[in-house]
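Multiple structures follow.
After this come two complexes, each holding chain A, first together with chain B and then together with chain C.
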Partner chain A sequence: MSIDEYNGSAIVAMTGKDCVAIATDTRFGVQRTTITTDFERVHKMGPTLYVAMSGLVTDAYTVAARLKYRLNLYELRENRPVNPKVFVSMVSNLLYERRFGPYFSTPVVAGLDPTSGKPFIAGFDCIGDPTIGTDFVTDGTSGEQLMGMCEAFWRPDLNKDELFEAISQSLLNAQDRDSYAGWGAQVYIIEKDKVTKKILKARKD
Partner chain B sequence: MDFSIGIKGQDYVILAEDMNAAHSIILNQQDHTKMLDLNDHLLLARTGELGDGVQCAEYLQKNIQLYQLRNGYEMRSNAAANYIRKYLADSIRSQEPMNVNILLAAYDTISKEPQLYYIDYMGSMATVPFAAHGHGALFSLGIIDRYYSRSMSRDEALSVLKKCIVELKKRFIVNYTSFNVQVVDSQGIHQLDRIVA
Partner chain C sequence: NAEYMGGHTRLSEGYSILSRDVERIQSIGKNCVIGQAGFHGDNQFLYKVLQTRAKIFEFDHGQALDCHSTASLLSNLLYSRRFFPILSYCLVAGVEQDSQGQWKGRVYGYDVVGSFESRPCEATGEAGTLMLPLLDNQVEFKNLGPNAERVPLTRERAVGLIQDVLQAATERDIMTGDFGQIVLIDKDGVQQRRIPLRRD
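Right after this comes the complex of A and B.
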């Protein structure tokens, strides 16, 4: 039993044309036992910047809280919403501080650049190595399954409805092949002027 | 081998726990109370290491009381839950981690909502309609899944609780003689009759 599989999660972020989507499962489990099926993994970091945390739930909470703290201070000093690239550096720095006793939780960032509106997604390893994605980024115990599904469904310049379909199907089918993730799914579609949260009908097993 | 269980209704949260105090194969006490009032509307049930549980619960209780003394108002349920979570999250990476799993029953007097928090020994936290800790959880959760509804009355919740206890009596190897039951609502924390298995 690996510490990364103690709680279980499925997280995917995808880019579209002037929009991004981030989707997660909603299971909170402790090894084989499911505790709750409406667990929120996605945290809002800015009007068009969202972060989803995978892995060990206690560290997911801690990292999200510490990130929000640093982000709030940044925005108070700079008086503007943070740029996703800068945010990635912030995340990377926070995780690397624990290089020899890491957080067992990795964030997936999805957002739009506040000025240009360009889609932006990024994934990390547990010590902060950032991967800025061009198409999609996956994480969690279903990471590999999600990679395969996304490769099949993603294509460039998806509009927001096509993006929603692609990310939803990728998530639902990938998490069905993972016993530690699933029990519900939700998608956030992030556009320049609004963010829509949709709850998917998923297999509850 | 501890067991605690919580069920949340429209305006109440019922918490119950076993009353065994055991060390290895020896049962020291069969009427040991492990629940603690953190303030007028916060009730903590703990499972895990007995000594850690006492230290942890009392430390949290005193600090939550201190907040109230300093500020003049009760610590809200969400704040208390996050405070407890952080305490356990810091503890897990310290030299001597606390081995305590917590169920926190709360009534938020401002939003007028009951809350039940599941917090495990590492600091993972979730807001839940019902939850249980310990091996007994494996037997109980399915039963509550079957009979639970958010609008159930206190008597209905107690009858579901009794169903779980009957199941534990029948199929769980550890013998729990009695269960301590308390309820949190807008009026505060109340002791209910012990359930004798």
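Right after this comes the complex of A and C.
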């Protein structure tokens, strides 16, 4: 049993035309036991910047809280919302500080550049190596399943409805093939002027 | 009334490619094929044993093995090595006649010790986890809303789906690529097609 598989998760972020989407499952479990089925993995970091954490939940909480702390200080000093590229550096730095005793949690960032509105997604490993994605980023115990699904469903310049369908179908079918993820799904569609959160019904097993 | 199986033709060891042209799907009898993932040495050995047993069956009984019998035989062969397994992740696919004489397609998936199950679709191997959820969605129509169109699986669509699935796996799995071998099985026998895949 790997520490990455202790809690289980399914996380995916996808880019569209002037929009991004980030979606997660909502199972919180301890190995085979499911504790809650409405667990929020996505955290808001800015008006159009969201981060979802996979992996060990205790570390996910800690990293999210520490990140928000650093982000708040940044926004107080700079008096503007953070740029996603800068945020990625912030995440990377936070995780690499623990290079030889890492947080067992990997974030996925999804957002729009506050000035240009360009879509932005990124994934990391647990010690902070960033991968800025051009199409999609997947993470969690269902990561491989999500890769296959996203590869088939994603295409460039999806509008927000097509993006929603693509990311939802990718997530639902991938998490159904992973016993550690599932029990519901949350999808955030992030556009320049609004963010829509949709809660999907999924297989409850 | 038909079955389709796809596989790739790259043989790799670690980060090296040993061959770009290894056929992983082979025939057993007229209407049945076996596709094998896992350890290549054991795959070859297992196929030889299975072929020989199929021949013996034909000599003993005067008729060829049909699909579910091949599936059963494979299960027993794998279980006979329960405590030193044959590291072969098999898929058996074929068409067989049911009690009304209708030809039905079947796919059987296995683990290394012979546990098997007939399913509408199955995927195995290193990139199996990448392909399987897509097949669930497109073949079994899982997670589609009530108003979503459920496109029936015709020959063209099935072959197209296998191509898509192999391409998706090739993109994201380093061990998959070079060529895709697609096999179509119906009551008249087995046809093979080959598609190019990314060679990186």
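In this section, the second predicted complex is superposed on the first by the 205 of 205 C-alpha atoms of A that agree within 3 Å, B and C clash if a C-alpha of one lies under 4 Å from a C-alpha of the other, contacts with A are read in each partner's own complex, and residues count from 1 in each chain.
We adopt the following convention: a residue touches a chain if its C-beta (ideal position, glycine included) is under 8 Å from a C-beta of that chain, and two chains touch if they have at least 3 such contacts.
Because the structure is predicted, anything quoted here is derived from the model rather than measured.
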Touching partner for A:E151 - first (chain B), second (chain C), both, neither: second
Check whether A:R177 is in contact with chain B, with chain C, with both or with neither, and answer first, second, both or neither. second
Looking at A:I22 after the superposition, I want to know if it touches chain B, chain C, both of them or none. Which is it: first, second, both, neither? neither
When the two structures are overlaid on chain A, which partner does A:Q169 contact: first (chain B), second (chain C), both, or neither? second
Report for A:V12: first if it touches chain B alone, second if chain C alone, otherwise both or neither. neither
Can you tell me which positions in chain C touch chain A when the two form their complex? 127, 129-134, 136-137, 142-144, 164-165, 167-169, 171-172
What does chain A use to touch chain B in their complex? 7, 28, 30, 33, 35-36, 39, 56-59, 61-62, 101
Chain A - residues contacting chain C, complex: 144-145, 147-149, 151-152, 169, 172-174, 176-177, 202
Taking the complex as given, what residues does chain B use to touch chain A? 85-86, 88-89, 92-93, 118, 120, 122-128, 131, 137-138, 141
